[in-house]
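This is the structure I want to talk about, given as structure tokens.
Per-chain numbering from 1; labels A, B, C, D, E and F assigned in written order.
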Amino acid sequence: MKRPDSHFRPISGSVLPRFAGPSTFMRLPMVEDPEEVDIALVGLPWDGGTTNRAGARHGPREIRNQSSMMRLVHQASRIAPYDLCRVADLGDVPVNPIDLSDTLERATAFFQRICAAGATPLTAGGDHLGSLPALRAVAAERPVGLVQFDSHSDTNDSYFGEANRFTHGTPFRRGIEEGLLDPKRMIQIGIRGSLYSGSDLDYALEQGVRVIEIEEYFDLGTEAVIAEIHRVIGTGPVYATFDIDVLDPVYAPGTGTPEVGGMSTVEAQRLLRGLRGLDLVGADVMEVSPPFDSGYLTALTGATMLFELLCVTAGAVADRRAR
Amino acid sequence: MKRPDSHFRPISGSVLPRFAGPSTFMRLPMVEDPEEVDIALVGLPWDGGTTNRAGARHGPREIRNQSSMMRLVHQASRIAPYDLCRVADLGDVPVNPIDLSDTLERATAFFQRICAAGATPLTAGGDHLGSLPALRAVAAERPVGLVQFDSHSDTNDSYFGEANRFTHGTPFRRGIEEGLLDPKRMIQIGIRGSLYSGSDLDYALEQGVRVIEIEEYFDLGTEAVIAEIHRVIGTGPVYATFDIDVLDPVYAPGTGTPEVGGMSTVEAQRLLRGLRGLDLVGADVMEVSPPFDSGYLTALTGATMLFELLCVTAGAVADRRAR
Amino acid sequence: MKRPDSHFRPISGSVLPRFAGPSTFMRLPMVEDPEEVDIALVGLPWDGGTTNRAGARHGPREIRNQSSMMRLVHQASRIAPYDLCRVADLGDVPVNPIDLSDTLERATAFFQRICAAGATPLTAGGDHLGSLPALRAVAAERPVGLVQFDSHSDTNDSYFGEANRFTHGTPFRRGIEEGLLDPKRMIQIGIRGSLYSGSDLDYALEQGVRVIEIEEYFDLGTEAVIAEIHRVIGTGPVYATFDIDVLDPVYAPGTGTPEVGGMSTVEAQRLLRGLRGLDLVGADVMEVSPPFDSGYLTALTGATMLFELLCVTAGAVADRRAR
Amino acid sequence: MKRPDSHFRPISGSVLPRFAGPSTFMRLPMVEDPEEVDIALVGLPWDGGTTNRAGARHGPREIRNQSSMMRLVHQASRIAPYDLCRVADLGDVPVNPIDLSDTLERATAFFQRICAAGATPLTAGGDHLGSLPALRAVAAERPVGLVQFDSHSDTNDSYFGEANRFTHGTPFRRGIEEGLLDPKRMIQIGIRGSLYSGSDLDYALEQGVRVIEIEEYFDLGTEAVIAEIHRVIGTGPVYATFDIDVLDPVYAPGTGTPEVGGMSTVEAQRLLRGLRGLDLVGADVMEVSPPFDSGYLTALTGATMLFELLCVTAGAVADRRAR
Amino acid sequence: MKRPDSHFRPISGSVLPRFAGPSTFMRLPMVEDPEEVDIALVGLPWDGGTTNRAGARHGPREIRNQSSMMRLVHQASRIAPYDLCRVADLGDVPVNPIDLSDTLERATAFFQRICAAGATPLTAGGDHLGSLPALRAVAAERPVGLVQFDSHSDTNDSYFGEANRFTHGTPFRRGIEEGLLDPKRMIQIGIRGSLYSGSDLDYALEQGVRVIEIEEYFDLGTEAVIAEIHRVIGTGPVYATFDIDVLDPVYAPGTGTPEVGGMSTVEAQRLLRGLRGLDLVGADVMEVSPPFDSGYLTALTGATMLFELLCVTAGAVADRRAR
Amino acid sequence: MKRPDSHFRPISGSVLPRFAGPSTFMRLPMVEDPEEVDIALVGLPWDGGTTNRAGARHGPREIRNQSSMMRLVHQASRIAPYDLCRVADLGDVPVNPIDLSDTLERATAFFQRICAAGATPLTAGGDHLGSLPALRAVAAERPVGLVQFDSHSDTNDSYFGEANRFTHGTPFRRGIEEGLLDPKRMIQIGIRGSLYSGSDLDYALEQGVRVIEIEEYFDLGTEAVIAEIHRVIGTGPVYATFDIDVLDPVYAPGTGTPEVGGMSTVEAQRLLRGLRGLDLVGADVMEVSPPFDSGYLTALTGATMLFELLCVTAGAVADRRAR
């Protein structure tokens, strides 16, 4: 039974108030079969890779709640994602709160099912290690590029000795090592915060990752950085990951490792809008941690950034379809 | 297509953690057709009858979130409601946030559809005026009794002059006037708070309502009050309404009209368990107002009381089926 | 009995600490008769037109509390409003929390009494529908211009079908229809947030309203926008309305419909200071909703913006007197 | 000009909603001349005697806000205080936030003016040192008895060496030394919390103060303790002081020195109602500290206890008048 | 170098205010060598066994902060623990936030070092799995008894299938299996909350554990339950574990799995005081989770219960010394 | 016994998680003897000079907690302070919470002891009056310059009449009068907020202080203001004081006198980094008031600014050593 396209649209706030009704991403229908959609919005309620303050496991639920404020059309770009694609809430990635390895396996399988169905995953996390299983699915056949908005490079090697190689500080090193990411097509924007040592960024730089520390971002300006993103990524497939801590803590207090002195939401929105034209094969908004939030602000910001990513991803999907 | 009984059970916390997955009442499935269920859990996200602090419109969403902590079997009574009945989340009652009359009409129709299907409604509000449309449905054919846990009698006549006869302070006077409630089979427990005048309770008393002010409750004790409930209500059909403000504000800070000096949750739980044996035809938990809550406590309490009511209502449903 | 001008000055913080004493706007005296003042500070504790999160009914009380931080002289412009005008707190506009029509009537009458006395109203809300009764008073004799700082155009037609034409999303369409506003002398600044459809702004634009979406604001810059305000408004009478949600939610979390990506308070202050020279006949700060605030920040911001408006309005009053 | 008795009544919530209008104690009028009233409600916004967590300076403002929930008639006793007495808000006691001695002088003079006018002071604090200037006024002519609800005896001698003899831990030792209090007619109820040494209570006991530690209170029960209060105090003049920290911290988190394991508000209300019949010449509710409060609960509790004290004080005033 | 006993005493609040100075348990000195002390206060900042809401990793830090309110002598029992024993803060148990097995090893070794030195460990957690490594140390030579205050039995077998046998729901089953606990000398008090199935408690009951569900506790009363504790435990060595969630959530909102309807702090204090006379060889206060707390209340409660346990443990140490 | 330099380094987050272990500044060791260090980090837990909202007494404890997020190397400047200097936490300045004069004496003596040992003090406050005792120590031999980041000039003369000359609004006037500060080498940046009168800044300007109001700061830009700082201060010894309220309240809600419209943390960080090259002889971060904070943001910001100051101060110490 094929449901009509009209099924895949948010409930209107003039039919059911925004505080009412089921709490799904963007007030979209919840569906189980990824074959039905072009873009699969999923939650990844897990923070088992977190070394400091946990809580991102609660991110998806609150991002869903706050996403009820998102309407149908992007105000600045006038992109209407639900006119371009079938989008739905595919529910939460299966996780095991006390078992890191088990969770990585379950999550990888879930993302693989989405990709196998031809859908593009758009994830709300969850700690940043959650990007790794998504990458394992979207990059199963060839390495992809990465646009990473983050205050941390997340390319550490291990933690607490050699044994712990999977934490929210290591996903992109693992991604490079596993051949999921092409470091030459990786760009990290907004890196900041005091360092463990002067060599923290050496691995990334040696691999050829383009690292734009926050000062360089402020000095270059948003438009120049967008150009640099396009230069580094080019036309190949690319994954976008938005760690909410790239924002200054005033915009995103609800996160595990806040770093004072980040970018504003206005700047982040402009950057995300600048991803239009890239061949996005997946994206995520990570590290929203409601227990540390103030007044749902971070969750609202996460939902807004998810909508920004949805619009540019819908554009990419439409572009691929048109090719 | 008839779904198996096994469909109507909460998702296990050992399959999907309690912070994950869709946020429905008790982690039950969401269904649209009341014909499928014996007990219909519904939200009533509306506070348009509120004369002081609004916010109960947000109650159902947060009660759903917190109800994820409810497991399968009642610890004290060992009632297993999902073994007795088919229970599901029927979604939210349709409301109009700025139009009181329109909302009463929409809500009445919604509850009538549930009752027409033979299902028993169990509502999470919303302000206390929301009990009125539920009563219009469950008492359509004959007046019912009422067990009311509340710090306020809610039998005022009007507000701000004659024009405003429907507020959260008037539902049970309207219910009596509309012939929905049999005042001789009404009992109010926990009444307290400073009075507008010494005659505030005269209407209820004159109609024959049994009013147990909080001091009398403390003096009689829980067991005696349970006996009194059964004496007043007898064997006929009865609706139970639990205004969260019957609790002391420490247990329920998130409500619109808190009154210091109320009962504890332990006392309330014992009272609700004491409803077993009554012929419950509907029930509700009202006035949970998340914007005034601290740490989701009131919503958790509301969810717990809803589970208490679910268990005794499931017993009543099973009793009716057995008759 | 005519009270001396010295009566109409804030209590000094060196006589009574700022956390002590009666809580009035700017620590000014409370007076009943608008004949005594040039500028009437009033509260409008009402949010009955709110379609999403209520709470602005509590705005005036908390803005009064926070306005105790406002001293006597504007730091940047050195305007000393109490040297220019008699200003006092005229109390709250009478409202009916559960009756929209009744409230609009009561409020209109209250504002008419102020205007009839020759006083200029400066209002702290309350939801944005509250601007309509003020406009009915100040524009009783001829349409006025409007400078609107807002993330939403508030020129929708109706809500939940045809019946509901008065909500906080419709006041300025009603104002145009009622002949209170001259759309050619209207300017809206800061519009943003996802849209219901691509045609949301069509009505305003067709009427000739100058709409500056937030991106255009950022691109033009504050000085150019101030110039544009003066160009659009010209020398005629004008009302200024500041919806607190024009600010980014970090500056104003306590509001009903926050939209990520707004302007800063620094930008807003510069814009408001730029209103000096306009013939202001009334102004308001709306949509401050304390239940959703964090640490009184939004109320403090609202009080600060009210002081900014007071200074430019005092200038306008002095200008009119000088003419 | 003598104002009619009807002037000295709270604004009705059916005329002006409880969240609207001026924020005064009990929504009573604010008057300046104590000659006009029988009972003077005053705020004492000062915490300069606080050795641990400050913040009680903000108590009066928030107690005023929350007292808007108090109606006209006591629910349990049916005392109607405004039928018995003229009551008004006399504003705040003048204080100097950084000068303890200056504040004690200013406050003493203020209370003396109230007593000289024949009015009975009812104070909302402020830290507990604030009871001392009130005692200096009400006990100017002869020592009075004291009913003290408190988790601390507040009869320490000095702090940080000999120099600091006036802190919120010393007022009742100073009161005894200054001849304001008759220790044989003093009773302290609810004392608890870990001790500095085993001799903390020796001074009070040696003076003849009746000390009921919290365990004795629980063991005796409320009724027996009320009887003990009447036995100790007898028929002479007495001052009642209610330190909000006598309550368990769940009922009063907003205080400077919370002690786990206190009494409930239900118990406190019964105790305060038990003061009817005593010749109350003044009373206070102290140590409400809004910066440490959760959801205004402590302020609401403080306002409720102030209303309880108002009712029994009004009874005492009426009794004195009748003699 | 042997330090004098006077070294092992809290800093006085009359020398350094309670909000100042290093934040250690009870303001005691921090020492590294357990040989120096009789009782070792330790933190266990870890919540890796948590299946629902994490956050107890932050418990020790905040309990230390709040323990600055604890003075020297117990008010009810007049026990002066620092006169009986040398007590100090031994710092935090080493943990690995992302590796459960590694943490159990590190923690076990740490506790073994304490016990080897002859010191008695008193732990502030951390999730309840943290009791297991402590038991492995204190029960290394023979099984011990257990007094468990808890709303959950924590004797589940596994989680998410067979693989996960170590969670905060399993420590006492593991303890029995590992021969650390003598189930015949185990008593659980306060069990409640909805059940997974009617057989949740079967394992414990079959092993001979005495389970007192909350209703039985309320029915028996505190004194009878204390007697029952002594009957079950007898004179042998015993460990006491206090899961903060045994308290009603109003007293302990900051915990991972709150269950409405628990005991009060007054009741818990009486129960803990009733442990005097038992041969306590270790104790803990677990599951304090600051991210979910309101105003530090749960941490203050945790600190208070830790002080209660310290006093009865100091008594036991003195008793052992005297034998 | 001389401890090795390696002793004076933060505990690594890969050895002990950041939420674990003793809470000291930057996770540094706590030492008692200032002879051991080059830079002494100290807390000044006192707010007795505060005229509005108290609470800064709690600043040091929470800044210590949040400083656990600071790693070893400055990200932008790559300064590694612990490679340049021996740094430790010297504990809290002794204070008397209820005695202003006593506190000034105790604090002055404490700072003198640090300076006598040749260490440079770096203070976390505490209200701004606390800068005065530090200045008395560092400027004992000759006046120093001052770089002041602040929204208030803090050069008032007195408060509440002549008697009160020491408040948090007067330290720098007293500093000039006492010959501690050379007004010609003083620069104040960020001054704003409504004024008591148009002459508020006259004293500072007449003394020759360079005052950069916030508008001038925004107009000049950060780089030009850094140049101006260096021009005014020159090569002599200088003290830097950072009042957290120079930041916009969104970045620092937890402060006593917030003023809307301030600078961002990004701007402040750039300014502080611009102090490199000055001969810093002491510095502080003041007015962090946790009771008014949201989610520890202000404390985190304070800790970050303290780390910024630590880096430039370490540079200055190294420069002095190299001379």
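Quick note on the criterion: a residue touches a chain if its C-beta (ideal position, glycine included) is under 8 Å from a C-beta of that chain, and two chains touch if they have at least 3 such contacts.
Please read all numbers here as calculations on a predicted model, not as lab measurements.
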Worksheet item: Listed by label, which chains are in contact with chain B and with chain F?
Response: A, C, D, E
Practice prompt. Check D-F, A-C or E-F against C-F and flag the pair whose interface repeats it, over half of the contact pairs matching by residue number.
Written response: A-C
Response to the item:
Rotating chain A so its CA atoms sit on chain C gives an angle in degrees, to the nearest 5, of 120
Item to complete: Would you mind checking which chain's C-alpha centre is most distant from the centre of chain E?
Response: C
Practice prompt. Could you give the separation in Å between the centres of chain D and chain E, each centre being the mean of its C-alpha atoms?
Written response: 39
Item to complete: Would you pick out the residues of chain E that each touch at least 2 other chains?
Response: 17, 19, 51-53, 57-58, 97, 159-160, 250, 292, 294
Worksheet item: Pairs of chains that touch, anyone?
Response: A-B, A-C, A-E, A-F, B-C, B-D, B-E, C-D, C-F, D-E, D-F, E-F
Worksheet, complete the sentence: Given the complex, residues on chain D that touch chain E span 51-53, 159-160, 191-198, 200, 213, 215, 218, 248-250, 253-254, 257-262, 292-294
Practice prompt. Show which residues of chain E lie in contact with chain F when the two form their complex.
Written response: 16-17, 19-24, 30, 43, 45, 57-58, 60-61, 64-65, 91-92, 94-95, 97
Worksheet item: Within the complex, which stretch of chain B touches chain C?
Response: 47-55, 57-58, 96-100, 102, 159-160, 163-164, 166-167, 291-292
Item to complete: Provide the residue numbers of chain C that touch chain F in the complex, in ascending order.
Response: 12-15, 17-19, 69-76, 78, 80, 250-251, 264-266, 269, 294-295, 297, 300-301, 304, 307
